[in-house]
Amino acid sequence: MTTSSEILSVVASRELAGKRTVFAGIGLPTLAASLAHLTVAPDLEIVYESGVCGAHPSHLPETIADAVLITGAEAVLSMPALFGYVLQGGHIDVGFLGAAQIDRWGNLNSSVIGDWQSPKVRLPGPGGAMEVMANSREVFVVMRRHDPRSFVDELDFCTSPGPDRALADGVTPFGLGVTKVITELGILARGGPGEELRLVALHPGATVEQARAATGWPLKVADDVTVIAPPSEAELRLLREDVDPERVYLR
Amino acid sequence: MTTSSEILSVVASRELAGKRTVFAGIGLPTLAASLAHLTVAPDLEIVYESGVCGAHPSHLPETIADAVLITGAEAVLSMPALFGYVLQGGHIDVGFLGAAQIDRWGNLNSSVIGDWQSPKVRLPGPGGAMEVMANSREVFVVMRRHDPRSFVDELDFCTSPGPDRALADGVTPFGLGVTKVITELGILARGGPGEELRLVALHPGATVEQARAATGWPLKVADDVTVIAPPSEAELRLLREDVDPERVYLR
Amino acid sequence: MPRPGPDKTMSLRDAVAAFVHDGDTVSLEGFTHLIPTAAGHEIIRQGRRDLTVVRMTADIVVDQMLAGGCVRKLVSSFVGNSSAGSLGELRRRIEHADPEPLDFEEYSHYGMICRYLAGAQRLPFYPLRSYAGSDLPRVNANIRKVASPYGDEQIYVVPPLNPDVTIIHAQRADRAGNTQIWGLTGIQAEAVYAAEKAIVVVEEIVADEVIRSDPNRTVVPAHAVDAVVECPRGAHPSFAQGYYDRDNAFYRSWSGISRDKEKLAAWMAEWVHGTADHAEYVAKLGDEFWAGLAVGEALSEPVNYGRRLQK
Amino acid sequence: MPRPGPDKTMSLRDAVAAFVHDGDTVSLEGFTHLIPTAAGHEIIRQGRRDLTVVRMTADIVVDQMLAGGCVRKLVSSFVGNSSAGSLGELRRRIEHADPEPLDFEEYSHYGMICRYLAGAQRLPFYPLRSYAGSDLPRVNANIRKVASPYGDEQIYVVPPLNPDVTIIHAQRADRAGNTQIWGLTGIQAEAVYAAEKAIVVVEEIVADEVIRSDPNRTVVPAHAVDAVVECPRGAHPSFAQGYYDRDNAFYRSWSGISRDKEKLAAWMAEWVHGTADHAEYVAKLGDEFWAGLAVGEALSEPVNYGRRLQK
């Protein structure tokens, strides 16, 4: 029995083929990047928001700053160097982000549900997500839940804007913004500024109608929606035995 | 027989009474600061342009980056930290500078003799002198030679401007600029912006007329020009036995 | 030549009493690693009021300072209990003005970093490639735009941050304040240089020779430090690389504690107001507890700084 | 989890051939310490032309590259032979256009630092509190002013510097390019991050485990490095902390050598063109010479990075 975490990790890992640097938080992004390192992207380096480059952890890390990421790492950078030179400097190929809400242009909200001044729910806020969005060549979003509360017609608040909003604000963006959104139903994708997210692939058994119903805007659909190949035995074995043998994140 | 280097070092050291941090190059400024540390400014810290703080050198350093300044130091900073946080951040009480030319407002030229585009003599240029001038609370200048070629009516080129020129350029300066100029004849001083350098003290035997003749502008003279007390036996003993026993700079 | 610097060692109680005043802007930094929790608790014990607390990742220690009634305003780029859940008191303050409103100034991480960089470098502003198209500048008037003089490009800027006092936790320092940190060094140096006054809380005060054997390890030089406080395990529940590990169980428990006002009050009464100082807090946790966070050895290989051989 | 990074080791000859092209902007940094002299000599041997050389302290290696006919333009904040005298070729070029003019762009040290900071951070400009009232902005149109959006303050700014290639010298690196420097670290990290390509020349390539025993010592991570070159004593006549001391006698002799065109040509013929590579240059100096620059031992005390004990 393959779990949803396993499927999301495997599908995300395949999208990292040929990439060199990935900015990843803990959880599914780390699993995806670690698996990609063993499969489609042997030279992949994971850069953590805490400043760790080239980690060789003895245990699966519980946070982006876990002590096991530091011991035996190749480099640990200060925050000004990590955010200024590595991230804003343009050294990140793929940034992984999550969010409470995403819209059709790949703009993200992680600040509030409701009005910012008197929110219904106060969320953690930007952290470094705004910088990951503005400065990575492209951004992958992993959203476990695919429903109209998360895939919204209009964000309650735009925390981390994609390149379309940057352009409208008079600033030429560096990267493409969100190019892939990997969900429990399939994959939404876009090429970059000016393009809406479109449904390009479905997990076996999922339908275009399900995806449309789960999305809060009129979802565009590619002419050739492909079916995502289920995780192979080799991928699952690596994920289960080498990447997360304790099943810390493979819930 | 007391040498001119000894006299200048001792006189400069006395001016450091009560100061906490000094930005000093190698040579007379180091001697003056080291002597002050043993006499009038026990808590004085010398910060070197190379990034060394709290040096405890085994030998008298030959450059501001000498290996003996690093081994056993309390801290070594990167250039952005040294120039950005320590110097521009406002942590330096006194900066020591030299120059090829100085004018009555304490503006300095260390770039060229003649025209910048086709100079008669190309000098080393600003280095960090401009930053020392702009960001120290006050600046002491030690000029061995007191003559009209160095003390000029008008600079050939202003490399490191004092606060008067900064104000005229629309920028409010942080420090006082040059407050003391210590020469072979005596001490010129000024309180800060708006004030010209005035002769305030003479070495024993030197005269106001000598100082006027050696200065390329009509030199103002204080009402009460004092006579500088010659180096005491205690000062000379410390300088010769503890600070520079090999007489590297006490030529 | 120079003699050892002045002795700046103080107790945490005296340092907080001397350098943290009602109404001050207090920066507490440490990104997951070396969070100055003991200092936060001492500020609560001394009953400071109306503070503006500045902290990139406002997490448990900020929720505790809010619960302690110390905070009028928060300046931050992330308000959450790491990935382990919510901050109950913070959410009550923001979502329900309960027991009173919280003035909140929100930035991104790099926005905060740039504010410290501007503060440390005495700059009127610092440019960064964030914020274009974000709703944040709409709710934070401090985030502005500047036109580049080298083309028609525009870029957002943030103003300097100059706290009245910055407090950091570190592994070790000498008595004069030369402070060494390894593992994640975060924004600590900039936060200290940006501040009027700085308190460094350390796991241990060491001999001058230890510091001076490795000057590149000194992240904060003595001239930027006003008080040095020895306070072992002062970063709990966060960790100190090479000294003790993170107390992940406590992080996970905090959502449950802070969600319930009475539980939270009871926790504060027992662990903060009910302990005279951090030593009592540490002792109350007990030896067995600390054994569970103990770490093994992974020593750095020494490097040679060299020694002049000639005369 | 991650495997060792890709092997980027090359000979100095191959690295210069691959990454330094005629007409390029080449940054060579190292502030008195770790000056990449061997790389400068190899550029001369390979006959590169029309380079824009960027170096904060343009000293002997720049004078040699000028004498080698490699340089069309110089960007610098200090043009002198340390405190030991003048650069003869540089002065002939600037004072007499002999044998040809030198395009010279002058900054202050912090102006250069800020140009690297802007380049590394992909900023359109970087503000600094220098230049107000100086004559430099009059002769360097790149130094401009910006108005602060937080008041009526004005501040000078400099534009980013993004060299085609940056070359630095360091004590050690692993084969992937994780580079460790101790003693003066200068502007090396920023100069590398600002560049399109980066060559790191090191005293020794070491095992991954050596680097990984002390990740805070890594000043330049592998992802910013394109070539790693092992070249012992490649910083002579400057020094490498803990490896060899500065050759002060050579610095003092340079004014005399470079003042006289024939003497300088003879020196270049013998020591640069007359040696096949830096190994030959080192051998030609001889064992006795190197013994005179040898340094003794002053080891850093190790720190504990810690190791998780639980499962």
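By letter and in written order, the chains are A, B, C and D; residue numbering begins at 1 in each of them.
Here is the rule we use: a contact is a pair of C-beta atoms (placed from the backbone, for glycine too) under 8 Å apart; a residue touches a chain by one contact, two chains touch by 3 or more.
Every value quoted in this text rests on a predicted model; they were computed, and no experiment measured them.
Asks: Show me the overlap between the contact partners of subunit B and those of subunit C.
Replies: Output, common partners of subunit B and subunit C: D.
Asks: Does A-D or B-D have more contacting C-beta pairs?
Replies: B-D
Asks: What is the chain whose Cα centroid lies farthest from the Cα centroid of subunit A?
Replies: It is B whose centre lies farthest from that of subunit A.
Asks: Could you please state the distance in Å, as a whole number, between where the Cα atoms of subunit A are centred and where those of subunit B are centred?
Replies: Each chain's C-alpha centroid was found; their separation is 56 Å.
Asks: Report the inter-chain centroid distance for subunit C and subunit D in whole angstrom, where each centroid is the mean of the CA atoms.
Replies: The answer is 36 Å.
Asks: Per the centroid of Cα atoms for each chain, what is the distance between subunit A and subunit D, given in Å?
Replies: That gives a centre separation of 38 Å.
Asks: In angstrom, rounded to a whole number, how far apart do the mean CA points of subunit B and subunit D lie?
Replies: Using C-alpha averages as centres, the distance is 29 Å.
Asks: Please set out, as single numbers or ranges, the residues of subunit A touching at least two other chains.
Replies: 52, 67, 70-72, 76, 84, 88, 135, 174
Asks: Identify all positions of subunit C at which a residue touches two or more other chains, and write them in rising order.
Replies: 117, 122-123, 128-129, 153, 155, 183, 185, 189-190, 213, 216, 241, 245, 295, 298, 305-308
Asks: For each chain, which other chains does it touch, given as pairs?
Replies: Result of the pairwise touch check is A-C, A-D, B-C, B-D, C-D.
Asks: Flag every residue of subunit A that touches subunit D in the complex, lowest number first.
Replies: For this pair, the touching residues of subunit A are 20-21, 34, 37, 42-47, 52-59, 67-68, 70-77, 81, 84-86, 88-91, 135, 174, 242-243, 246.
Asks: Okay, in this complex, where on subunit D does subunit C touch?
Replies: By the definition above, subunit D touches subunit C via 122-129, 144-151, 153, 155, 157, 159, 171, 180, 182-183, 185, 210, 213-214, 216-217, 241-243, 245, 292, 294-310.
Asks: Over in the complex, which subunit D residues touch subunit B? Could you list them?
Replies: Where subunit D meets subunit B, its residues are 31-33, 57, 76-80, 82-83, 90-91, 94-95, 106-111, 113, 117, 128-136, 139, 153-156, 183-187, 189-190, 239, 241, 245-246, 248, 295, 298.
Asks: Taking the touch rule as given, give the residues of subunit B at its contact with subunit D in the complex, in rising order.
Replies: 25-27, 49-52, 62-67, 70-72, 76, 78-80, 83-84, 87-88, 107, 111, 116-131, 134-135, 157-162, 164-174
Asks: Within their complex, state which residues of subunit D touch subunit A.
Replies: Against subunit A, the touching part of subunit D is residues 1-3, 5-6, 117, 120-123, 174, 176, 178, 189-190, 193, 208, 211-213, 215-216, 218, 221-224, 305-308, 311.
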